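Below: the structure, in structure tokens.
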């Protein structure tokens, strides 16, 4: 999985290059579009309890805002400076907020600006090679409108909600912009459950693998990859938890009491994700210890058995050496055994006895 | 105990499947019953200081609520959508609360809804194979009523309380719905003491086993199982502690002052469980270290002894090799010892002396 | 010291048995006396600045309370339900408080009840075998009275204070019930200094032992015992610290300002104990690391020396093997050395040279 | 990289020497210039929305302050006591603040003085040898003025801002002294992104290196250097985060609401740096573990293979010893094999068979 | 450095002996002078902006207090009960405060008493053998007076301040008693910088030593000593930090606003010390890990080389054994090589080839 590591390194490098372009020696709030970013498309949805209209251009926004209780502008891909500027002007989004929209390496946060609230969510997704990556989705919402900015253009985070809106399912059509903002957040949060589940499966597979007989050295790098991915999800979820808590305890009336109950439910989901994550992290950080202990135990077993084989043969070899010496057998004191009729069988028996005794001793000592 | 691990994996998989069914692409609050859940039975108990009535159906709930100060509806098994819907309507339970009732993988929590408080408790129980599992029990209580939802149908969590109610023991019959809610919580909490005690026994058994002479490699996986079970109980108890503290410091008058003293006692019990748990966790996390140190010490002892045997024989074998050489004994400088009358006995004596000296040296160095 | 471990296990078992008797399926507040507990004796002391009276029975309590500013009832041993019930009624002690008095496995805490404050202290004592155990002492005090409950009957925790009272030393006789409660607490706290000191001695002895040449495998279990005892003291002292802080910051006037200065001093003593304890814990938890590092270093030294002996002899033995081969010495190319006049002495010299060179090399590499 | 370590040691020594000169036995607030510090130059910039003037001397400060809404005095190099004294008097800077300006080893902090706010920032920079060092930059700002003090004279921290001021880019010229102070802080903070990025590259390079086949012992000291540098940056950034938070929550009106939005952005940047840093720290602290595990695994592999080679040859050598014994072959029981026609080939076959069997056994046991 | 350890143990023992004398069975506030303490001398300094008087006795304190704005009584050595009692009465110091003055093993703290504030500082000093020890210095100050109590008599903590007072340097003479108290505290705090610096030098020396080629087992005990000394300083500084923070946030007007700025500076110095300390602690706790890793790496290198030497010779020795067998060379199948003309040189060449091949293989595998 070194591919995933290389990908992560590339993402980091891109973030640095872009950051340099955005921040070094530039006045704050003077944002610049990343030339490599995809071109922005827009999806404007204006709705009330009875009517819904969808457009793919920004013209006539003011009319729509006058006619409908809620207008939702969804900007997909952040490569078109003109579109961002028009949206920013239409809803008086502060330049600092737009800078954060464009520099897509923010951590999740909520910021209050005059005229609205700005929420950043890091959306973690599984890449094709199984590693995790993250995109930035941000929301700016105020009285009667929500603007959402999606970094990537491939995968629509809000498709399910859009369908529900058209079909007039749930409370979204009949509620205000605050409920829409909640629904968008909720969709983004619930999107992470499959990611967490996949991580859980990887943790379990590795837990099994680590105890298996044929654990390979590769386990080390797989556990490393797993911890890196858990880390990515964690860096996305912890600040999100704080951010949603901040929204929940916001006393300025941005959310109506009825919507707050739903927002609390959303906060609860983030808490569930964080808890699953922490429990996975704990298991994962124990995996290395178990792996090392298992490996070292197995190694010890091998060494012990081999050393015992050596130990058994050492006295036997000594004996063969003894009777291989060239003492003059003329003297009756020099190895008379060599001349005995049954000398050799007797020696073989002695050797066998020594080997048996040693094995018995090792057994007795519980070394075998 | 890999059975327990497989069971845990299955529980996780079921949770994921269900979560997918509940949340992905669904409007919030639109709950759906798990088709694999047992069918719901209900037990309605209505009582006052003097009278008590028990029913097994939901009809006539309004009459009962009018006639008795406290009505308790106990829903056992969450498989019947109709029953849940009727109960929800009868006590105006918020759809989000009902969603949490049905999706039985919540963490313990307290939530305030208009019309009542919703409490989730994770009830940890010992499976037949000795591993731990957990069920969700939730309470919704308000003025004059308590509704309890039990996930499993096999084991009644409230049997003891029901008996006390019938026999009019304790203060339950004479107190309000808040005291009943307390009593239900207290019963759920006290149910965990035997579980904690069983874990304590396992910790102690493993502590003994780890120091025993014949500690097996299996210890590793048993300690892992133990830590997993401690983790399960911990994940149930820590949020419960917070939840009960939240109830205790709730200033909205949900609990009368007299009941609060009892609730504080209940919070104290949770704190006791948590403390026992943490102390077990500490011991358990030290077990691996002790095990490794004991194993490695024993291994070292083995290796040391064997290496010493080898070391003692190495010079002796060298000597046998020496006198096994085929130098022409015609020259008086070439191994004249071979021709001596007492050459062989002298060599044996020398060898014995060398072995003794080496053993003495090792003893002196405290290596033996 | 496995005796201490067995004792600890027995205490745990007793706690479980009793808890089962107290809590499972019983209405809260319905306490039951442990039949194995010693029978309760009572010591009633009533005093004012000028007078002091002592009784050994509960009769006439009301008269005493009317006549004296402070009445102190000391219940020793908790085996007599009747005595407890009478004391409870005389001072209107809440049933939940009495339940905690009787179930002697509480953690230290302060609870406010109508009519008084209930304080639990765990009193840690050294058993005869040197291990630590703990008893529960609880106080209930209110306007003009203090009731103390001692679990054990053998060792009077309050003997010194009783003497001071009789001799009218210090401020106790002239102050109110709050000062008496403080004095009791202070006596209980100061009782722990010798225990902490003994633990400190054990820590120091083990620190020395671990670095000593002949450290035995027994160190592991001694360090375990030490950590267990530190844990016991810690579990007694940490909650006590919180409890006394709670008393100190109690704004309800339970303590007069003058007494509060003394209570702060008592809190300071607990803080000192906790600090000594934590510092001991830190040293103790480092002991295992040092022990392992010392053991492994020593083992490495042994192995290194032995391996070097083997390595020096291996080439020498090879040479003896070489000249032990039976090549036909008829050919002038086949081991002509065997026929040399000084072949053997030359070989001996060569071997000696090789051994010297190897030792020199090892020295040079700093392996020896 | 021991050069970097030596440099760090030198910096520490200089700090100590200077501290001794500043603090020991001196009345507080009696600062003294470090004689080794570079001589101070000053850059005075006075500006309003329409006009901007730059001077390189302190004369006429009062006139400038009267004529322009904002006056910025930038003191570069802290070696000239006279200059510092004049600046101090001109803006009534408290002697304690000046002491902190001169003793350039402060941690980042914000302090409120009558007449202004004093902010210390540690500016971390990469030395030529790749190691990190830090300089102190401090700001004192109040109504209509900002004074900045730069420790080093080589590298101007504020060059980019000065250019923007002259070109009248951004909001600086049209805003007050509080915005200028923010802009200076923001420039100092953003300066750290390249430093963090370089550290990130080092972390990644080491992560690769640690798993590479030819990991050298040098890794240990490189990881140490890396952790030291991470530590330096951390010690600069953590207090800075707190300091900027303190500025942000300062309720005394030092910052106008519009400027606060920008300050929040700056706080966000510090938070980003800290997060990158913590994530690098976590990886770095795991590197040693991985390195040790990889090294030990590789070592184990080597030992295992070598031990097996030895084990295979041990029985074979025993056999050669056996048939090297000099038993009198006159007796038919003494090694009759020696006299067989095919004795030697049979023995060779036996040896080959034993070797094969052992290899097979090791394979079967997954030891090879 | 076991001397330092013995000294530390002695200090602990003395503390215990004294504690027993002070607390066991004594009424609170009934202090007793340690008979082994040096006899108390007093230095009375009374001063105002214009005048200063110094005395070495306690007589006439009241007159001095009437004549001068500030009176400072410095008690050196705590062995004279009479002196302490007189000072206590003169400034109405609470008996509990005097008890803490006499029992010189307090942790740093601030306590408010009626009539004044009591501050305890632990003054850490370097003993002659390089280890650290600590003395207690306490201050009691109120309106118009400061009393300081120094445990040791050898080394005057306040000499520098006394000189400044006489020379009328700084603000001390013109400020009130609160500034004097600050100045005393500041002197005590700044005294610790040289101690921290010496510890930093030891940390650096050990960091170098640990990586050096000839690291000895002694490193373990030196690191232990270092950590013990860091611990001592830490136990003195952490509570001091809290104590000074408490003084700083004390709203009762004990310090005038102008003095508070100075006190904040003093708090800053303590924070600097604590930061240096924590960074040293971190390095020190990493030292053991590095040492173990370096040692184990070196050991592994040794074992690897030695094992390889053994492995190379094992097949060669097998060959010599082979040709040492006594098969009847009458049969043409029995070791015909023995009879070859170039048999021996061929075998030597074969052996050389095998050795070369093995070395090549080890090189290829990067084991050498």
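Note that the chains take the letters A, B, C, D and E in the order they are written out, and that residue 1 is the start of every chain.
Quick note on the criterion: a contact is a pair of C-beta atoms (placed from the backbone, for glycine too) under 8 Å apart; a residue touches a chain by one contact, two chains touch by 3 or more.
Computed from a predicted model, the values in this text were never measured in an experiment.
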item: Touching chain B and also chain E, the following chains; value: C
item: Classification of the chain A:chain B interface as same or different, half of numbers criterion; value: different
item: Between chain A and its twin chain D, rotation from the CA superposition, multiple of 5 degrees; value: 70
item: CA centroid of chain A to CA centroid of chain E, Å; value: 42
item: Geometric centre distance via CA averages, chain E-chain C, whole Å; value: 26
item: Where chain B touches two or more other chains at once, by residue number; value: 296, 303, 307, 310, 317, 321, 324-326, 335
item: Direction chain E, origin chain D - full chain order round the ring; value: D, E, C, B, A
item: Residues on chain C engaged by chain E in the complex (per definition of touch); value: 160, 163-164, 169-172, 183, 186, 190, 193-194, 197, 200, 204, 211, 261-262, 264-266, 268-269, 271-272, 275, 279, 282, 286, 289-290, 293-294, 296-297, 300, 303-304, 307-308, 310-311, 314-315, 317-318, 321-322, 324-328, 331, 333-335, 365-367
item: Residues of chain D that touch chain E when the two form their complex; value: 5, 9, 12, 16, 19-20, 23-25, 27-30, 94, 96, 99, 105-107, 109, 111, 113, 213-214, 217, 220-221, 224, 227, 231, 235, 288, 291-292, 295-296, 299, 302-303, 306-307, 309-310, 313, 316-317, 320-321, 323-326, 329, 335, 337-345, 347
